[in-house]
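Let me begin by presenting the structure, written as structure tokens, before commenting on it.
Labels for the chains are A, B, C, D, E and F, by order of writing; each one numbers its residues from 1.
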Amino acid sequence: MKLKEIDNNGTLQGYVLVKSCEKKTTKTGSTYLDMSISDGETDVVAKLWDFRAADTEKPPVNSLILVRGTLSTYNGQPQFKIDRWRPLNENDNVRMSDYVPSAAFEGEDMFRALMQLVASFRDAELKTLASAVLNEYKARILELPAAFRLHHAVRGGLLLHTLSICKLAEAVCALYVSADRDLLLCGAILHDIAKSEEFNLAPTGLVDSYSVPGTLIGHLVRGAMIVEELGRANGVSEDTLMLVEHMLISHHGLPEYGAAVRPLFLEAVLLSALDTLDANVYEVENVLKGVEPGGFSAKVWALEDRKFYNHGRRPVGTDVDFGWRVAREKEN
Amino acid sequence: MKLKEIDNNGTLQGYVLVKSCEKKTTKTGSTYLDMSISDGETDVVAKLWDFRAADTEKPPVNSLILVRGTLSTYNGQPQFKIDRWRPLNENDNVRMSDYVPSAAFEGEDMFRALMQLVASFRDAELKTLASAVLNEYKARILELPAAFRLHHAVRGGLLLHTLSICKLAEAVCALYVSADRDLLLCGAILHDIAKSEEFNLAPTGLVDSYSVPGTLIGHLVRGAMIVEELGRANGVSEDTLMLVEHMLISHHGLPEYGAAVRPLFLEAVLLSALDTLDANVYEVENVLKGVEPGGFSAKVWALEDRKFYNHGRRPVGTDVDFGWRVAREKEN
Amino acid sequence: MKLKEIDNNGTLQGYVLVKSCEKKTTKTGSTYLDMSISDGETDVVAKLWDFRAADTEKPPVNSLILVRGTLSTYNGQPQFKIDRWRPLNENDNVRMSDYVPSAAFEGEDMFRALMQLVASFRDAELKTLASAVLNEYKARILELPAAFRLHHAVRGGLLLHTLSICKLAEAVCALYVSADRDLLLCGAILHDIAKSEEFNLAPTGLVDSYSVPGTLIGHLVRGAMIVEELGRANGVSEDTLMLVEHMLISHHGLPEYGAAVRPLFLEAVLLSALDTLDANVYEVENVLKGVEPGGFSAKVWALEDRKFYNHGRRPVGTDVDFGWRVAREKEN
Amino acid sequence: MKLKEIDNNGTLQGYVLVKSCEKKTTKTGSTYLDMSISDGETDVVAKLWDFRAADTEKPPVNSLILVRGTLSTYNGQPQFKIDRWRPLNENDNVRMSDYVPSAAFEGEDMFRALMQLVASFRDAELKTLASAVLNEYKARILELPAAFRLHHAVRGGLLLHTLSICKLAEAVCALYVSADRDLLLCGAILHDIAKSEEFNLAPTGLVDSYSVPGTLIGHLVRGAMIVEELGRANGVSEDTLMLVEHMLISHHGLPEYGAAVRPLFLEAVLLSALDTLDANVYEVENVLKGVEPGGFSAKVWALEDRKFYNHGRRPVGTDVDFGWRVAREKEN
Amino acid sequence: MKLKEIDNNGTLQGYVLVKSCEKKTTKTGSTYLDMSISDGETDVVAKLWDFRAADTEKPPVNSLILVRGTLSTYNGQPQFKIDRWRPLNENDNVRMSDYVPSAAFEGEDMFRALMQLVASFRDAELKTLASAVLNEYKARILELPAAFRLHHAVRGGLLLHTLSICKLAEAVCALYVSADRDLLLCGAILHDIAKSEEFNLAPTGLVDSYSVPGTLIGHLVRGAMIVEELGRANGVSEDTLMLVEHMLISHHGLPEYGAAVRPLFLEAVLLSALDTLDANVYEVENVLKGVEPGGFSAKVWALEDRKFYNHGRRPVGTDVDFGWRVAREKEN
Amino acid sequence: MKLKEIDNNGTLQGYVLVKSCEKKTTKTGSTYLDMSISDGETDVVAKLWDFRAADTEKPPVNSLILVRGTLSTYNGQPQFKIDRWRPLNENDNVRMSDYVPSAAFEGEDMFRALMQLVASFRDAELKTLASAVLNEYKARILELPAAFRLHHAVRGGLLLHTLSICKLAEAVCALYVSADRDLLLCGAILHDIAKSEEFNLAPTGLVDSYSVPGTLIGHLVRGAMIVEELGRANGVSEDTLMLVEHMLISHHGLPEYGAAVRPLFLEAVLLSALDTLDANVYEVENVLKGVEPGGFSAKVWALEDRKFYNHGRRPVGTDVDFGWRVAREKEN
């Protein structure tokens, strides 16, 4: 049972994510916990009254717990009173990814799709390189978000973003006969690989903050270093490495957006354009989610403070259709 | 027979385009014509000695003429001596488009492809609007270049560019389920329609200069006016016109690139991105055409003075593959 | 009687504008209305205790009501206790414009002044065009503010701003003999005409927010469309329309300030300069109103975050002197 | 008699300005002078054949000389053969200002007009200050150009520019009652006073180059220093000097245009706006002088590379009408 | 005894700086003072209960007072209850500089060090100029901060900053033989001299706000005026003054950072570079003071919003080592 | 004997550098070589008449040759007529570095000075890292210029530039006790190490063009890769490598100047500032070399188009004084 399914004063027992938890004192001097919890669909304020235990006994933020309590209304807002709670134990069969924003596809599925693309490469060196890097970093990227606060800041966001670019890249190569498909796809697959080193992750799998190397070096240069190291170890030629490394360090397009150099050949130009396009589509869809048809979003800092318009002609989503998923369309 | 097929001192009779023509005086005082001519494949300096006729009798620049003469070498450079020439008459069966840079597809074919796309619209208003504008402007855009000096500055360049964007737009809409295909395609088809008023054309069909209204108003705002006028005349609703007009006046993306407003909904963002992408691909391919593999192009002003690298992995073309043409690949 | 005329604990009955109104709960659990009201000169916090009616019975924000109550002091601040109130009925003889910031001149007077300028045109086409547009839009602009939050954001601000520019334009044309007076005045009169479509107005007549077409198209391009439509309908030539349209879409001067094109002839350059000058004078005067001589204003975002200095040599006003008004000077 | 009045092969004796003069050698080994001369209306190439004197005997560039010779045509261009020449002596009654581009008004007349404005000041300190500076610098500014290559780069251009701004300032103060007329006029009169130290002048009275202090300090800061020095010497208060100095060092408006600080009170804002406006009007008129109606000028670097349009509705001039001159209008 | 030395509920009598002081009312209606005080090392919240005196009897903000009271803990935060207090009288032997952030060196010591540098000049004019200015402004700069909120915003900060630049300048001149040591040092010593007119100081000796002339003229131009006036009075040549004045008005390097002109000779380039370097070092050290090794600072607005990293390899200080002070190193 | 030592029509036999060489044809039809040669001090035009050999027999550009010929004057310019010439053979004892612009110090001396600095490091890891890289790259950097056309574009320029920064770094660390000397010096020594891969060198040892990897990857990122590879191979910790790599990829300071990230700790900030300072000093000195005292240089593109002033107070040099060289001062 979910929070949204119960009536006022209804009782709930279930797993929730602790999003915040602070010890406070009432006017009468008793201590309590002021919390925010989520059942994966609904966020609600929660109170645990008369909390006298030590601070270390508080439910840890960003962890899943089992709660039992009652939902009521206070000052016009829903509030959940926690009667009992406990941390998870090994018998609880719940997944963190059901309680935090996540991509609509499983990490394993998306990873397999990328590996299939690699398998289709005609260029042996690029195939070797992409396989080597993907295999080496698989565990680190399977559930990784693509960003801290911007586009694809959800579990699995990195692979979702990567796969979207690959789909666009295939359409582009079908149109422009000069573009080298394998090179563009290889760059697309590897372009954000070093985001695996760029973040400190919270227990939820979302990004908690930028890591020190993520800040001092950044995923563009670190990505090129990874390509250099694994490429050399696997016998890929210097010329090939140079091209892929260029794509990685230039994929932000402009120096002021973090590109170490500007894109200087066709596939690098394309990768940068498709990366921006996919990120922008995600951002625009995301800010429009809570906007009524006919209304404007708040200003979007990452898109030059534009306010976007929801013309209401299509349902707004932040999903893509890779052809092999249960379509969102059907459900709606 | 073409210039490149004849030997030194060989004789040629054939049609050529007059690219420049100036009357000069030799040291001995006789007057002659110093010309540049092209047979559609090769440009060559030409001389017409002892020219004593009035200036009005000179071969008009940018016209096709029939010449007879001899090719020789002067100072290490080829030079064509014109013995006889005459302007075209009605019996000459030649087409200007064979003598100036032109898109690889016929205007009629590309226009038909656009009309087929329009026919596929489910949105009746957008179908009405796009049909009305295309039919009204057909004659003016069939062979129109897309630019003065930049991307697609060839006969038929406008339709080629428009069709390429449409192909990309279809791929994008297949991926992002939030995007409204008909709206995006309609914007793509109409986005440059007012380029038909922006240029003064040379007799070659290429752009000679910007027109006065093209400079004072510009094709973005004029395009919106055309949509407004033809849309109202055909009963399209204000809301629909507003969306399409917004796409037209925002499609350059940034104010400093000429956008009257920034793109403010998903399809406007997409149109602007795809317009830029197609233009950039054309430019990059174009500047790389004369560059050896392993070499860099000259600085490209329109692309922030970058020099582009020809990595030599694919033959460089400025063509696209719409699926229904005799593939360039085959020939190579 | 006005709020500023009554003593502490004095009683007042009179019309006030409801600027905000929120239902709240006291610590003892009773509900009350926490309001901000204005009598056109003074803003004051007001309380309506023991409000038990439905929300729909609250005094509507931005409406005029008749109140009776007492002025007292709470925490050092004046506070008005409302004993009774009622909405206006048809017998109340009050004007909204007396309760919101308004230009010092009547809309009808300013409109008439503009029409007199038009009547003085020697150019028949420009006279026709300006008359047609003014007459068509008279009702919509008579009391319109010129902006949301910036310069001339008062009732009647649009006409005040327009008339000021016209006065400057006449002085400029008297000095520079190359400038075409009729063309410049026509551009000045019409330059902001489409602000009539750019705002959603509050019941006060002030701007509540930008409208959808105001955001997606903007008053520059919409203005040009209005000129195109009414100009054509009245037989104005294309050349004349092109010049006026250019002035409208370029009058913000720089693309980053919203100009679709930069001003490209003398009168367009002048219009843009005078528009900026009048707006800046208004802004500077406005921010200096509350500043002591010798002091600086807060940072003004619209003027590059400058803080302006009140040197105290002249009384600060935001008024202009058109020669036909009761001079502010006299009163002071 | 003037050059344009004589026929081909006609003879002329008259005063001309030497604009350039270079000694060259013919193929046959004889030396001659290749010159450019002007009679104040027409520029023409001139040759002085068989020149065997020392270099120091050449006619000095930028000086007036008396010549006698014949006008003929060479290669389709007019050419003047100098038979005899001599430098001026005390009996020659000619004025340099008739041979170089000059303002349409006499320096003395314009200076007197400025002094009359100063005489009208009600503020005694500003009157003292403006008088002191004008009198001190009279000789240095009477014929001074306002610039090297940009606006008002003619003899007397500085006073012409200054007077134009004053005229605009009076109109502005008549409109905006907050503006302090004396302060604005004082700033306008003194704003470019230190241009008297900024240039190295050619013998023609035009600017040859920037001076060292003009480059290292600039006329904004030097102007403030002049005000400080002469103001203190004449007992003007620190507060008044501070205001005028601020207007001088801020009158270029933006730091990137040379303003040491941004304008921070109303009159400083106005001075900067009117200075820009008058300079821009001059520039636009100037570039349009040689442009046919319906045509565009070349790109104007100082005005962001815009090309300006001559709509042909008014004769183009670079003159202003101060009301007391023989109107240009009458002549045309 | 200092605050940090006393236990909870311990009593303290001592001098403190009043950093803020506001009269408030308890729920029970009694009035009290809510203050922030500092003993020069520790800041703490202080309460003076039952304060019934007039507002003018409150301890003045930014003054030193003698207090007696008790330190306790409230809501986990230390709080000082003031039992008694009095303002300073002549018998109190305390110095403001011990209670506000101050440079590690005495003003007199730093001033003497500058005078010794001047004494070492070989160039007599520069020696005269620097001596004259330093002596004239000694009293005003001895304890002056160098800024409002940015680098060296501490008592004595101006001289500390000046001396640091001089030390760097000597090293630079030892390396680059083209650089003129006396000129560079003279510019360094005088570059911020007019900061003595730029601030309104609080009683603490720190900057309270910018002064009117500091805002309207600024310390760059005012500095040049001081050099001009004292230089002329002491017979320094115009050429020398011009060079020094140029260094002063250009030392911010870029117009957008306030430079009236850009640095145009070697010593001006060097002064600007060293000024920036010393300011940046101070800023970076300052923001890192409260950052744990391995952590990042907050965004630093004055340094393009960068977050700086404390790598922890050296203790962070904002001090410099001039060789003649008790080294901080020793103490640690 | 050198060119500047011989009289007109004097004969010279000696080694010269061929700077350009083009085959041309006289009016009479004979072929000759039009060359520019240098004896290391003087550049002169040279002619080799009646050259009938094959193109491959021409003296190779950028090579040293032995010539014999006569110096004469043509059209006021010196011209050298070559009678005989031959390429070098093994017996010729000449060094290219005497014929092209070179640093005043030997590469070996400068390299040794750097190694001594490294030997002084207390930090074992940094000592290991710097030694390893210097030893690995010694041969490639010993005579390397630091740039193509900008600062230190001379043989040995890279080491000269590196050593200058180290000298400044030592002075800076002596002043600021927070700065880590070993870290700053290590960054300084390695910051341009990958310039060894960035250029294609001419036979003169000067830069002919940028290499492909120099353009696609750049010396900042390549430098970090070198540090990563050699650092890991020598057991340097990840944390230390991260700091040094950050210094390398950030040392251009601003993204628009090529920095992949902005400097984010003190030593990175210092390295970037000192790098810029040394480059700017070199540039300013270099452009002032040919400028008379009291004059201005041409515009310097790399320094924002400034024209620099030669105040003439010191002899202009582009040399530094490391203390251990024969002082230039002495000679002058």
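Keep in mind that, in the parts below, contacts are C-beta pairs under 8 Å (C-beta built on N, C-alpha and C of every residue); 3 or more make two chains touch, one makes a residue touch a chain.
Worth saying up front: this structure is predicted, and the values here are computed from it rather than measured.
Asks: Quickly list, by label, the chains bordering both chain A and chain E.
Replies: C, F
Asks: Which neighbours does chain A have in common with chain C?
Replies: Chains touching both chain A and chain C: B, E.
Asks: Compute the centre of every chain as the mean of its C-alpha atoms, then state which one is farthest from the centre of chain C.
Replies: Farthest by centroid: F.
Asks: Relative to chain B, which chain has the most distant C-alpha mean position?
Replies: Of all the other chains, the one whose centre lies farthest from chain B is E.
Asks: Could you label the chain E-chain F interface same or different, taking same to mean over half of its residue numbers are used by both chains?
Replies: same
Asks: How many angstrom between the C-alpha centroids of chain F and chain C?
Replies: That pair's centroid distance is 64 Å.
Asks: If you average the CA atoms of chain C and of chain D, how many Å lie between those two points?
Replies: Taking the average C-alpha coordinate of chain C and of chain D, the gap between them is 43 Å.
Asks: Please tell me the distance, in whole Å, between the geometric centres of chain A and chain F computed from their C-alpha atoms.
Replies: 48
Asks: Could you list which residues of chain C touch at least two other chains?
Replies: As it turns out, chain C has residues touching two or more other chains at 212, 215-216, 243, 264, 296, 307, 309.
Asks: Every pair of chains that touch: which are they?
Replies: A-B, A-C, A-E, A-F, B-C, B-D, B-F, C-D, C-E, D-E, D-F, E-F
Asks: Quick one: which bits of chain E touch chain F in the complex? Just the residue numbers, please.
Replies: For chain E paired with chain F, touching residues are 164, 167-168, 171-172, 174-180, 183, 243, 262-266, 269-270, 273, 276-277, 280-281, 284-285, 288, 296, 304, 306-311, 313-322, 327-329.
Asks: Which residues of chain E touch chain C in their complex?
Replies: Touching chain C: residues 25, 212, 215-216 of chain E.
Asks: Once bound in the complex, which stretches of chain B touch chain F?
Replies: For this pair, the touching residues of chain B are 294, 296, 307, 309.
Asks: Which chain F residues qualify as touching chain A in the complex?
Replies: On the chain F side, the touching residues are 212-213, 215-218, 220-221, 224-225, 228-229, 242-243, 245-246, 249, 255-256, 258-261, 264.
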